[in-house]
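In the two assemblies presented below, chain A is common to both, partnered first by chain B and then by chain C.
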Partner chain A sequence: MRFRAKVVNIDCIHHFTNVVNTISKLLKKCSIRLTKEKMFFILPDQVANGGVSMWCELKQANFFDEYRMDGVNEYELNEIYLEIVAENLCRAIKSANNAKSLKIKLTKKQVPCLTVEIELPSLSSTARIVTHDIPVSVIPSSLWGEYQEPEMPDFHVSLCLPPLKTVKHIVERLKNLSSYLTLSGNQEGDFALKVETELVSATTRFSDLEIPPYDPDGDSQAPSKLWPPSEMASARIDVKKLLQFLAGQQINPYKVICNIVDQSAVHFFLVHDDISLQYFIPVVAV
Partner chain B sequence: MGLLTLQNQTEDDDFALNACIENARNVTHILKAVHFKDTATVFATENGLKVTVEDSKCIQGNAFIQDQVFQEYSIRDEALTFQINLDILLECLNIFGSNNSTTTMRMMYNGYGTPLVLMLEEDGAVTDCSIRTMEAEETLDFEFTAANVVNKIIMKADCLREAFNEMDASSEVLQITMSPDPPHFRLATFGLLGQSHQDIPKNSDMVEYFECNETLTNRYRLNLLKPSVKAVNLACKVCVRVDHRGFLSLQHMIKNENGQICFVEYYCCPDEEFDEPAT
Partner chain C sequence: MKCVLPGANVKLFAKAIHCLAKLGHYVYFEPLDTGLALKTVNSSRSAYVSILFMKPMFQVYNAGSDVDLTVDDDNLPISRCKVALKTLLQVFKSLANIERSVETCDINLDGDECRLVFQLKCKHGITKTHHLTFQECESLQAVFAKDLSPNVLKCDHKVLSDVVINFSSSLEEITMLVSPCKVVLRSYSDDESDEIAQLMKTEVCLNPEEFSEYQIGVDTDVTFCLKDVRAILAFCEVAAMPVNIHFEVGGKPIIFSLEHNGYFRANFVIATIATDKNSQHSNATANFTTNTTFPTTNKRSFVKPSRSKVAPKPLRKVSAQKTNAKPQPTKLPKPKDCDSINSEHDVSPEIPLQGGEQTSATRYEGFNSPSPEQPCFKSVKTVFFAATQTNDLDHTVLVLAPDSDNEDGT
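Up next, the complex of A and B:
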């Protein structure tokens, strides 16, 4: 197993830092899956996570100038799965703010480590290099099955969210009123955030939101045909989990698609040129 | 556009209280000045709203929002009274909360036992809130009348704000001396690290009006007076009055974004002297 990647372009370094920051805000431990083409950050759907799951993938060619990896074996298992504390990685690459280059490689110290080497600009001829060793655990191939891309649920409604900043602000206020929030929407572009407690009920409504185009040939999936377009699908979720997602993201996607499976789950899809991030929040029963 | 859309939705309804304001921040601002306890009592009359908050039966804050502040204000009965959770009311008012655009707000109340309904709109997004109201309890009457006022000073809020900021927080009491002779106006604290006092002489630029007939020195619990700092921070002028019993009244003049003037008033009773010496 070998892995080695290098970024030189400062914009790519910043971009990568933003992705890692976003992920570290969402979860503590995450799994990194490396393939020839792509890098994945995965939080599998486990009871311990409260049912939240995340799937983020980036094309390595868009970020890395050098990228070499050899998986467990060359033919069918040419992949690497690692488990890492996301915050450690986030802290390690924090100093890459104005770096000349950023190298990430898999090394064997006493334990397997992801070594982050950052070359900083220096005035003298000797290079200034910051090195971080982040312990990782290698996930054996027998467990890889748990880390497959989550299946897109059969959602009832799919729409584009209003600007995240607006939504974030509203959710922050609603969080002070209640710890659960009901998110609802229909296929005609109406969307609502609602809290209800003994003392207060507050509903924020948006209308005429964009409906994501459905491409029958592409990956995107059509909302369930049986669901009437004007019918609201709703899901009651934990406000904290939603806020974590809204407050933590630094990717600045140009579109955020929200898919609602009535009374079951919410699925967010951040759409960006080089990255796609999916986040699932299950409903909380009343 | 905002006002119109909110109007259409309520055309047919006839509410006991119906008020509409183009910039909800003008209301939020004033309410924040009395937000030191969760529960507030709202009195609505044809002149506007009075929001009263009390603590420990010793301090009372009153925010007055006169009817002119609202673009539309109608009340069916002579007076309406209800209690409401101020915390929740402020969260709701602030739900959009961005600084760049203004939130239009319509407030409706249909009398005893009904919730207070707020409709807020900003940039095409609409929020409806329905806040449970509670039975109003009687509020304190400090019997503070202008005829009994002994000493009165009107000053710019800046100097009082600074004085409050620099005050020794370890002191339990604040001693206010108002006198026709120097030091005219003195704020003294008795903290762990010793005494300190701040004087404002009557000929200071900050003092706009000075009328002291007697030398009066009274002590007030600092933690009771602390909430009034919120009002001082927003005010442009403050009127400090003390009556013959030592009761303190602080009237804060607060200018809102439309240049209208609203008042927030605090009453505080003096700290009674006990046998053991105050620390």
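Up next, the complex of A and C:
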């Protein structure tokens, strides 16, 4: 198993930093899956995580100038799965704020490590080198099945969220009223965030939101035809989890698609040039 | 003591207080002929700071009538005092505010009222007066042989700040390895257990060209507290002077100093972890003492250029010091160096620098620590405080930290 990647372009470094920062805000422990073409950050759907799960994939060619991955074996198992503490990776990459180059490789020190080597500009002729060794655990191939791309649920409503900043501000205020928030929307572009307690009920409504186009040949899935277009599908979720998702955003996606499965789950899909990030939040039992 | 600091220097003074507050609990004010010295030592005696604001920095400077202390049993002049840093920090809390509005700062030791008075005269006719209680104290002086250090590095504080920022903020200790061709700073973990292996390790490699002065007499590695260094670098940012680093080997203190000739001098003495291989020859080059001479039977008496009076005040702390059980290593540096009893250098370097680990009770039996926290860093502490005393109890010596040897002279 071998992995070695290098980024030289400072913009790519910043871009990668943003992805890592976003992910580290969402989860503590993260699984990294490396294939020949892509790099994935995965949080599988496990009880321990409270039901949330995350799937983020990026095309390595858009980030790395050099990328070399040799998986467990050359044939079916030509991939590497690692488990890492996201914050460590985030901290390591932070050193690369104005780096000349960033190298990531899989090494074995006392334990298997992901070594991040950063070349920083310095006053002298030779650059300053910062090396971070982040301990990782290698996930055996027998467990790879747990880390598959989550199936798109049969959602009832799909719409594009208003600017995340706006939504974040609203959710931050609503968070003070209750720990649970109801997200609802319909196929006509109406969207609402509602908090209800014994004393007060506060709702923020958006309308005329964009409906993501359904492309029958493409990847997207049509919302369930059985759902009446004007009917609001709603899901009651934990405010903290939603806020974690909204607050950590550094990627600046084109769109954020929100899919709602009535009374079941909320699925966010961030669309960006070279990255796609999916985040599932299950409903909270009433 | 009465002095007046002009506005421009109050910020530096305030920043000095902030820095001292991060390290110790009390600041010792010592008005000297040359200027006002602020000193502190941390509770585990592994860090000592002395910041000297010299006369030209003050608008008015009057050290007080009794600079040359003739100390009497009953008549200790109140010229030196120590103030709790938590309290003093309240006076100089907001640096931004101080920079913006303070015009002068008067410091007055009021003997009648027994208060140390700080009066900040600010813009718009506002005057803030703070009366602080103080405790009388002895001179806090670490004797260290900065000029005899074989390894000297000098660089801009920014270089160090930039390096240090790459390390996790929770990291306690850092190791610096030097050789003529490079300097490597590495995160240090004192415990090789499985859990610790799970922590992220960081290493930064610097080229000697980054230093304005790079003198390596001894290839070595020293491990010291990163938290203390962070506090020092925060101070350097305001002082805006290059930093000098003097050190020798593990076990001997590392000294960070800033100096602006004639105006200002700051010495930060940080203990380093003694490594096994150094234990044979380690001798503390730093010793904390009071203003006493040690009429010891020990061959080397340390020479202190400043006042040297015995203070036969009732001891609050342990006075008896023991001779070194071990034979003195022959390989000692110049006589100017202080000897110390370092029989504890058989300790392994695994001892954490700071933290809750209490040292074994045997070492501190009977010792009445002035501070609530027991010094907990065995080998490092003794670098500083193992004194050169004998069994001779007639020479009552006031030391600020105990000898960690057994009380019964073994």
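Convention: the second predicted complex is superposed on the first by the 286 of 286 C-alpha atoms of A that agree within 3 Å, B and C clash if a C-alpha of one lies under 4 Å from a C-alpha of the other, contacts with A are read in each partner's own complex, and residues count from 1 in each chain.
One rule holds for everything that comes next: a contact is a pair of C-beta atoms (placed from the backbone, for glycine too) under 8 Å apart; a residue touches a chain by one contact, two chains touch by 3 or more.
This one's a predicted model, so the numbers in the text were calculated from it and none came from an experiment.
Superposed on chain A, are chain B and chain C clashing or fitting side by side?
Once both complexes are aligned on chain A, chain B and chain C fit side by side.
Using the touch definition from the top, say if A:Pro162 reaches chain B (first), chain C (second), both or neither.
It touches chain B, and chain C stays clear.
Mind working out whether A:Asn176 is in touch with chain B, chain C, both or neither, as first, second, both or neither?
first
Could you tell me if A:Lys28 is touching chain B, chain C, both of them or neither one (first, second, both, neither)?
Neither partner.
Once chain A of both complexes is superposed, is A:His132 in touch with chain B (first), chain C (second), both, or neither?
In the superposition, A:His132 touches chain C alone.
Is A:Leu123 contacted by the first partner chain B, the second partner chain C, both or neither?
second
Have a look at where A:Lys255 lands relative to chain B and chain C in the superposition and call it first, second, both or neither.
neither
If you stack the two complexes on chain A, which partner ends up touching A:Val200: first (chain B), second (chain C), both, or neither?
Only chain B; A:Val200 stays clear of chain C.
Considering only C-alpha atoms, give the closest distance between chain B and chain C in the superposition, rounded to the nearest Å.
In this superposition, no C-alpha atom of chain B lies closer than 6 Å to one of chain C.
Do chain B and chain C touch any of the same residues on chain A, and if so, which?
none
Hey, which residues of chain A end up touching chain B in the complex?
162, 166, 169-170, 173-174, 176-177, 198-208
Applying the document's contact rule, which stretches of chain A touch chain C when the two form their complex?
88, 91-92, 95, 109-111, 120, 122-126, 128-135
Once bound in the complex, which stretches of chain B touch chain A?
85, 87-88, 91-92, 94-98, 123-132
In the complex of these two chains, what residues of chain C are touching chain A?
Residue list for chain C touching chain A: 159, 162-163, 165-166, 168, 197-210.
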